[in-house]
Each structure stands twice: as structure tokens, then as C-alpha cells.
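In the two complexes below, chain A is the common chain; its partner is chain B in one and chain C in the other.
Moving on to the complex of A and B:
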């Protein structure tokens, strides 16, 4: 029992440190790899909380699909050594003071609100079958709305990306 | 299936920490790609809070809300990265401040 709860705290420490590294990196691809580590640690936490389906989705969709999308764009923009220097110029250490203090205050308020009698999670896993039954029962309308949202974003991304690719081809033809 | 009893406040505090780091990233960074990454961190923290709340009462609703957050994040990233490509092509920089001329 105590052994298993240690796993939770280790995964939490990994996710917090990896996320801090994401925000402070100057190289975009390094930050992406740290973000993947952070997402994998959160997937471990989901599994321990008794949500194996959410854990699988975290790895397949977040760490798999969304991060690969980011990686494609970083590669397309060809962010090389020059962009790291530029990023270093943008990231003045004194810039962290104001936003850091403000977010720290907000976080401390939230931690203070959460400090109280300790409730435990149930310790029983909610399996994908139950999630699916609930999803296509009371939440059916929300599923349809999510599908419309995804369709709209597909059309929007295609529209933006198509004009980008056409302009790029013309630029290359000019050269 | 292994699931253990975890103090639910600790999971929620973890979500708050991740959200605060993401918020600090959004406030400090100027590169659009890092801004989008920080937004992802914040959405992921929201999903963690939903899953922890669902695990508190062993209900499926938390995981369902997490899936909606996930589809929202996917939609946001697809459109956001398309906009990043356009901004980079037109302004030749990834500085978010350069895009302020959109205001006119």
C-alpha cells in the first residue's frame, strides 16, 4: 500500500520537473521531448487513480498525435541555432519575476483552499466499458458537439495550411 | 486492475501546480510555439483535475470530461499551428508581439 503511493509521488515529481523544464527551454524540440515525458508521467498518475482508459488516451492522443503535430511544425519552420540565440535574448531572467509572483500567489490561494480534511480516492478502477456506456448514454449530445468541433477545426486547419503550402510553392518557383 | 487510494487533495494540488507552471509560461514566453505548449500544459492539468474528481467517487463522468478536454486540445492545436505557420510566413518571426498589428 505505502509502496504504491510512493509511485504516485515519484510520477508527480517527474511531471512537475519535466513541465518546469518545458517552460524554461530555449530549444523548441528539447521542450517538446520534455513535454512528452511530462505527459507520460501524468498517464502513470491516471492509471494509479483508476482511469486506465484516460491513461491510454493520454499516451495515444496527447503524447502520440498532438506532440507529433507540434514536432512537424517545429521541423517545417526549421528552428535552428539562430532561433535558440533569439530565444535567449527574449528570455530575460528578470521577466520571470512579475508573472512568477502572480502565479505563485494564485497557486498558494488554491493550495490553501484545498487544505482541509483529507479525502481518499475510491481505489476502484473505472473500466473503459463503463466509460463507453456513460459516454453514449447521457453524454450523447456532447459527443455530437465534440465531433462538430473537430470537423470545424479540420476545415479551419486545412484552409490555413493550404494557403501556406501554395505560397511556399510559389516562393520556391520564384527562386 | 490496480488502482490505489490516493489523497484526492494531493492529486488536485498537483493539477494546480501544473496549471500554475503553464500559466507562468503563457505570461513569460514570447515564442508562439512555446505559448501553445503552455496552453497544452494547462489543458492537461484541467484534465488531471477532472480525472481525480472522477476517481474520488469511482464515476465515469470525470474520464468523459477528460475526453472532451482532449478533443478541445486537439482542435485548438490544429488551428493554432496553422495560424503559427501563417504568422511565420507573413511576419518572418515567431514573436507574438509582432502579431499585435492585427489590431490595426
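Moving on to the complex of A and C:
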């Protein structure tokens, strides 16, 4: 048990410091690498909390697919030294006031919850089968709504891509 | 008890896998020579088997150069990410009954997670090199690997449905009556193709296609960092072969006259040889052909396979 607590605190420390660095980095690709590290640390925490399925999906989907696309876009944009300067200009101290206040509210809530009787979670392991039964039982509507959202984005991407392809084909025909 | 065995296994697995990856360099060149009707490396040691030692001396003594225009930290760390991601994948491979580092109940997902993390090594080395060939190679590999990860995951779901578990030991035990490549033949074919694409091995090595991108994402790498990228590539070949063996060809199962671990190694070696044969036999497709093969053929095939498998399992009332 104590071993798990040590691992938890290490993962939590990595996650918090990596996330802080995501916000303060001015180089976009460095920030993204820290965000990936932060997601991996969160996956470790999920695993420790007894949710191995959520932890694996966190890595496969967030770290393995979505962040790859983010990095893909950063590579396409070719952000050089100029964008680092621009970012540095945006990151002035007055920007921290709003997020700081909102985080303070969350922090007070968390302190109140930890002090109160609700501090203990059930602490049972949630296995893949149970997640599946929940998703395709009581939460079926949410799953279907998410898939419709994805379908809409798929159709949108296809539409944009098709217009580009048609323009290119006409260009080729003119030549 | 079990945990002690696991700790004792980590070092042998690490060493065994690394040494096999190193020797694959020589085995691959010899096999390619055999299939292409030439000799291959045969000068250093008996049958050229010490070629890898010569290569290592060469790589170690080379100037370990970081280009001044590169993003230094990421440039140095990227090859490590490639090799480390692949090595982590071996943690869930069952080499024999009870002979695994960890038998996770989400073992299959862990394998998929680790292979998907290995993309970053390629992507970041392409980005950090700050070189247009490397960048193009990195972009290609990102698109290729994200695409083929989809089919890789979906093609395995048929196996999961038949087993009823994500644990790789359960998958092997479920194949006692019949190896899964018979009922899951479509899944097997898609997984082999996706495995080739994930390892970016020759028919699908467009991220490093030397005829158009010099060496793609690792153009700027030299010395031991280049060696690490190569080791990572061979590790991914071994890992893909080990997973094909485990998921579709009964893992350690086999007639009793050989111990389970030997059966596992023989089957894995067979698929490694198959991967090398693919390199010798098949020409490289164009990039858009690679993408349309993926989305227009492999995706429908895996979805139909999944649908049929689900229907059959439901129909049997299992």
C-alpha cells in the first residue's frame, strides 16, 4: 500500500509540473511534448486508482492519436523563432489573474471535500467488461451522440477535402 | 511468488530481445542475400556472424554529431523514445505458460498503447532535425502510423471477442483447440499489413524512402543515435512477430516434444523471416496508394470481420 502511495505522489508531481510547463513554454513543440508527459502521468494515476482500462485508453487515444495530430499540425505550421517571441509577449503577468482566481475556487472546493466525509472513494477496480456494459447499457445515448458528432466532423473534413481536390483537378485539366 | 519471477525475468528479456535485435541486422542481410541470389556479409567471423560486432565498433567510433540547427534536447531524446516504447511492449508478451513479466488484464491495449507511443520517436526526430527531408519523413510517418493504428486495433478486436479478455495469456489459452488464424483470417491479414506499416518496414517504409527523401526522418542522425533508431526498428519487427504468434498462432502452444518457450521462439522466428521476405519480394507503393489501401480496403474488411465475428459468437450463445 505504501509503495502505491509513493508511486501516486511521483506520478502526481510529474503530472502537475509537466502541465505547468505546458502553459509556460513558448516553443509550441516543447509544450506539446510536456502535454504528452502529463497525459502519461495521468494514465499512471488512473491505473493506480484501479481503472486499467481507462488508463490504457488514455494512452492509446489521447497520447497516441490526438496528440500526434496536434504535433502534425505544429510541424505543418513551421513555427520558428518569430512565434517564440510572439508567445513570450502574450505571456504577461496580468494574464494569470483570471485563471488564478478560478483555480483558487477549485482548490478551496477540493480542500473542503478532503476535510469532509466524502474523502473516501470506493476504491474498487473497474475492469474493461464493466466499462463496456456501462457504456452500451445506461450510457448508450451518450455514446451514440458522440458518434454522431464524429460523423459530422468526418463529413465536414470530406467536404473541405473534396473542394480542394476538385480545384486541383481543374487546374490540371487547364494545363 | 509470481512477482519475484517477474522481477527476475526483466533482465533476461531485455538482454535477449536487444541481442536478437542486434543479430537481426546480420540475419536480415544474409537472408536478403539468399533470396536475391547473392552472398551477403560473409567476411567477419564464421559465415559473417560477427558482422554486427564490426558494425557496432564502427557506430561507436563515429562522430556523434548534433546539427547546430537542430532542436538539441528533442533531437537526442527522440531515438530513445523509439527504442523504449518498443521495449516496454515486450512487458506483456507471454513467452511461455507463466513466463511473462506482467499479465495485465488490459495487456492487448498496453501493447497498442506502447506501439502508438513509438510514433513520437519518429515524429519528434523528424521535427527536431529541422531539415526538410526529415520533416517530410516525420509527417508521412505520423499520417501512416495514425492510419494503420486504427486497423491494427480493430483487427485485434475479433480475437478479443473470441477470447472474452484483453489478457494475452488468456488469448493463448483460448487457442488450445484451434489457432485463431483460422476463424480470424481476415484479422490476421490486416494485422500483418498494419504491423509492417507500424514498423515502417520495406513495402511501407515511406517515412524513410531513400529514393525521394534521402533517409527520411533519420537523415540527420549518425553514430550511436542512428544505431538506436535501427535497433528500435528491429525491435518493432520482433514485437510484431511475437504478437502475431501470440494472437493468431497459439503463442507457446505446440506438441509436447519441445518446451513451450521453444515453440514460441520458433514461431516468432518464422514471422521475422516472413517480414524480411516481404522486404525482398514486394516493391514500395506510392504514398496515396498506401493511404487508399488503408481506408478503402482494410477498414471495411476489419469492420465486416468484426461484425461477422460478433454475430457468430452471439449466435453460438457464448
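By definition in this document, the second predicted complex is superposed on the first by the 133 of 175 C-alpha atoms of A that agree within 3 Å, B and C clash if a C-alpha of one lies under 4 Å from a C-alpha of the other, contacts with A are read in each partner's own complex, and residues count from 1 in each chain.
Everything below uses one rule, namely that a contact is a pair of C-beta atoms (placed from the backbone, for glycine too) under 8 Å apart; a residue touches a chain by one contact, two chains touch by 3 or more.
Not measured: the values here are computed from a predicted model.
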{"item": "Touching partner for A:76 - first (chain B), second (chain C), both, neither", "value": "both"}
{"item": "Partner chain in contact with A:131 - chain B first, chain C second, else both or neither", "value": "first"}
{"item": "Chain B versus chain C as contact partner of A:140, first or second or both or neither", "value": "neither"}
{"item": "Chain B versus chain C as contact partner of A:23, first or second or both or neither", "value": "first"}
{"item": "A:53 touches, of chain B and chain C: first, second, both or neither?", "value": "both"}
{"item": "First (chain B), second (chain C), both or neither touched by A:10", "value": "neither"}
{"item": "First, second, both or neither for A:36, with chain B first and chain C second", "value": "second"}
{"item": "Chain B versus chain C as contact partner of A:153, first or second or both or neither", "value": "first"}
{"item": "Touching partner for A:65 - first (chain B), second (chain C), both, neither", "value": "both"}
{"item": "Greater residue coverage of chain A in the superposed arrangement, chain B or chain C", "value": "B"}
{"item": "Chain B and chain C footprints on chain A, overlapping residues", "value": "52-53, 57, 65, 69, 74, 76, 127"}
{"item": "Parts of chain A lying in touch with chain C, wherever the complex brings them together", "value": "29-30, 33, 36, 52-53, 55-57, 59-60, 63-65, 68-69, 71-72, 74-76, 127-128"}
{"item": "Residues of chain B that touch chain A when the two form their complex", "value": "1-14, 16-25, 27-31, 33-34, 36-38, 40-41, 44, 47-48, 51-52, 54-64, 66-68, 70-79, 81-86, 88-89, 94-95"}
{"item": "Sites on chain A touched by chain B in the complex", "value": "1, 4-5, 8-9, 12, 15-16, 19-20, 22-23, 28, 31-32, 35, 38-39, 42, 45-54, 57-58, 61-62, 65-66, 69-70, 73-74, 76-77, 79, 83, 87, 90-91, 95-96, 98-100, 102-104, 106-107, 110-111, 114-116, 118-127, 130-131, 133-135, 139, 142, 146, 149-150, 152-154, 156-157, 159-161, 163-164, 167-168"}
{"item": "Touch list for chain C against partner chain A, complex", "value": "71, 74, 104-106, 109-110, 112-113, 116-117, 119-120, 123-124, 126-128, 135, 138-139, 142-143, 145-146, 149, 153, 166"}
